[in-house]
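One chain, chain A, links the two complexes that follow: it is found with chain B in the first and with chain C in the second.
Up next, the complex of A and B:
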């Protein structure tokens, strides 16, 4: 059931596709609007769990349409670029607007393989920046680092989060501690995504960010 | 003594005889009634003891529960019907309060089916977008058994699901059981399936999917008829379209349910 193809394989275990993935009509936009809505929800949750599994923060649609995410080789069904774009577009909208609750965000002017067309790369927010902010605050609390100045590089690449990151793997295996589970999930996080999360904290008055671009430091209150 | 009475005395004799017959009859009747009443009360208390003794099994074991419910049905006691008159019975007295069944099971039996019913309603609502309000009883059972949160699964049989759906009927909820082919479905949108639609769903049940040409070939339908039925099913959200094959295929979303959705 799980297709283990060559993907950005940072994860040790293959991604387990939901049963929807093996349902042929899943890859055809449904003409019935109610059914379509249900289909979009399923796509959104699949894309999120896929990105989460592969620790993908920005999804380039041009690249992704040929990956197992959008291409089920066994069924010989695929979501083409335009349809993948429609799904992600739906994800970017708020729930009140009948969208997917802002689980994605287009990255303006992002180049993907020389393609600078709009709506080709998107943030996939399997955690929204606000949710990442909560994760960060939790981690700071648990590790007792309030008032400590950290660099963003440390947060993302630092040893403290590495060890957390490793224990994360063993802990998700044994599901011992649900809390520690997401503590250093941000290790190896996309730098810009991290900045977005930090900016949420800045707005909340929970942190301040200083320094030049690329060498930012951050202090949590 | 035993000689036939003649003359006027015979009249008195006959009245006497009738009277004694009548009183004897009354005697017999009352003994009968008494013994029947004893039997009934013995039976009730036995049923009571049985239900009490096995109440945990009744609650936890679906097969046992189904058998118990079947037994109650055969002797004309409906645990769920009893639940509907719960309030009235309580007021009527008998010095006991509550219906026979709520007394016996402490309301657990009713609560159990209500809980199942709530799960079924939830499930139908959650999946309505996906399956157009038609869900297989079997799929429904699997989902209720699994539960949404850890530990919230309920061990239920199909019989329990059907009973729970029937218990919703007095509410006018529009939940009903539909038979398509050999399978039973819960219909949560009050809309009739016509014969053609039911036939097509039955074909999908067997083959997994259908296409217009398959219907034409197998059922000898005109193209227009096949297309109309499929379009109707599509409009009701009962089938999903796969347009990536050589011909448009229509699939039933019934087996989608394993996901978190």
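Up next, the complex of A and C:
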């Protein structure tokens, strides 16, 4: 399974970095707690928008530290692995704990590049599983598929999610544009991420998942 | 004998006259006039100098401080303590000539006016008016001013300048405006003419002072004043009655009759011993002053007072140096500085010309220097005596070495050394205090330091950008002491910690890292932050030299502690701390890189 999945369409437009990305102190951990908090927030939103742009659900820090995300070649500044880990660590914490609102989640025991050390790969929740669940429910509602059994593969890779998304854009017009984008967003989603979203729906009683590992079917109520 | 008003330094110590040296300090001293305590003068520091005995109250020192000239003191008697009575030293005035004490009421006001103008008026300090209305017997230059022939600035004649004893070698202070020493004759003339004008009765104002006097005896003074304004005796400018100095020419307005009004107005709120005494004593006044030593120290005080009375330093101002013992033929005579060519060539000297002559001269100079240094280090006493010479010698040596190495540092050294000559007279050493009074030593040292820091002539703090680390100060200060009576670091720190308690105009500040710095008391972090902010704004406007990947119009440029130190004239350690402080406040943020630690205007916090 690929740890990063980027669709051809989104990779075509280059990622627009925020202005702070070119601010050299951005890459140095700040000792002042207020400044540090603000810095972490900026990093968090940068990582989220980076992952969203590249359709990345799992971020392997070992690979990412050499990517433009953590390495600003123009400034010759980078966030090293430990610092990147600190940032993601902060993102995994709840906001009440002074963290980044659980926008990331460590994947325990995940191997990346032969590195089995803990805290090397993380889910980056630019949409939290609960939010993904909402997106799915919305899509089911709009497309009128309540009560229909779908396979997970269909949801993630199926033609329907692409075409539905696109047709919706044309149907609903510009005012619904944002929502239409969301609807198509889970196309090409990481399977495990999709399962997490579906599990949220199961818990809510809005769907049931059945079938074997790898060939799950899902029914929305 | 008179109580005289004192000029106090920034650290609330008496301002010493030229050539005056501090001999002893004792705290917890009370003043008696005759048998009676003088209210408000019961707890203070007694300073014994070579010229005066000064009293400075612990509370409200600017209001309650007086000095007594030793030259008016006939003798001093020591009186041991008995049960609850503290040991005392009684000062008896010299016998009055020609006038009796009964003339008190009639002659009181001329004495008052004369007294108030005895010392140059310190413009910033409210002047204490502590006057015993006794006419002075000895002639004295009063309120004399001499006009500088260079810049025509009106300078006060030093109060210890006595035309009767002064000679051409008398030390004269330079002009206050241009710093050029006046010709002796100018000052002498001014002093004599002033003395003459004072001796003549004041024709137009005789009625006023008595009226004024009556008011005083009534126990209150009219602040409204009989006249609306006061015309300056020198330039005739009509001043506001509450001014004590002429607005135009700076002349004291206390000489003439009308000026007493002006004097009175400022006096309204300060009950001086004059009133107090007239209240307490009324008729019975014994003509002696007692110092009551509640905290010991009276023995040393008495001893040194006796010594000062015998030495009579006020007579010989700028005495020639101690004659050198058994000298070689080449040594110069008189006050010539060692490295200078001796004015009278020694007898066996061969008049050589050319290179040989130059060489011979160099040899002579070297021998001379050797002799001076040799004598100086023979024992400590000799070192103290020849300190001036040694300092002069060191200065010339420093100058010479500065010529060859051409370093800014040597100029600095030179400056410090020359300062030290001036500092010699003013430092508090443990020797000046009775043993066991550790607290007094510390508080005096603390005042000493504050004076040293705020002295505008040296401008120590200004040169360091208004802030200086305590260690630097310790080093500079000890250096200025010429290696004598050095202060231990712990004493130094404890003295510095006393600044706040003593309400001195400097303060000690501890940075987060524990670095101790010295600042002016009115300096605050907000000011530093504002300065840094302005600097950051400036950097955003200046285009950088090379192309940089970030948007300089938004982010500006990074600064290092070195750059900050250079810009604000701080030391690097201080600059690093100040930047850290600004970072703590969220103004700056840091960038660590291969170039080291650099600081940026904080754009991380939106």
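The criterion applied here is as follows: the second predicted complex is superposed on the first by the 198 of 221 C-alpha atoms of A that agree within 3 Å, B and C clash if a C-alpha of one lies under 4 Å from a C-alpha of the other, contacts with A are read in each partner's own complex, and residues count from 1 in each chain.
To be clear about the criterion, a residue touches a chain if its C-beta (ideal position, glycine included) is under 8 Å from a C-beta of that chain, and two chains touch if they have at least 3 such contacts.
Just so it is clear, the structure is predicted and the values come from calculations on it, not from any experiment.
Novice: Mind checking the superposed model to see whether chain B and chain C fit together on chain A or clash?
Specialist: Clash.
Novice: For A:18 in the superposed arrangement: first (chain B), second (chain C), both or neither?
Specialist: Once the two structures are laid over each other on A, A:18 reaches chain B alone.
Novice: Quick check for you: in the superposed arrangement, does A:74 touch first (chain B), second (chain C), both or neither?
Specialist: Only chain C; A:74 stays clear of chain B.
Novice: Please indicate which partner A:28 is in contact with in the superposed arrangement: first for chain B, second for chain C, both, or neither.
Specialist: A:28 sits against chain B and chain C alike.
Novice: Report for A:45: first if it touches chain B alone, second if chain C alone, otherwise both or neither.
Specialist: Only chain B is touched by A:45; chain C is not.
Novice: Determine, for the stretches 167-175, 401-409, 491-499 or 563-571 of chain C, which one clashes with chain B when the structures are superposed.
Specialist: Among 167-175, 401-409, 491-499 or 563-571, the clash with chain B belongs to 563-571.
Novice: Intersection of chain A residues contacting chain B with those contacting chain C?
Specialist: 19-20, 23-28, 30-32, 34-35, 38-39, 42, 77.
Novice: How about chain C: which of its residues touch chain A in the complex?
Specialist: 549-551, 554-555, 558, 583-584, 586, 589-593, 598, 600, 602-606
Novice: Mind pulling up the chain A residues that touch chain C in the complex?
Specialist: 19-20, 22-28, 30-32, 34-35, 38-39, 42, 72, 74-75, 77
Novice: Which of the residues in chain B come into contact with chain A in the complex?
Specialist: That would be residues 128-130, 132, 209, 234-237, 240-245, 249-251, 253, 255-256, 258-261 of chain B.
Novice: Mind listing the chain A positions that touch chain B in their complex?
Specialist: Against chain B, chain A makes touches at 18-20, 23-28, 30-32, 34-35, 37-39, 41-42, 45, 76-78.
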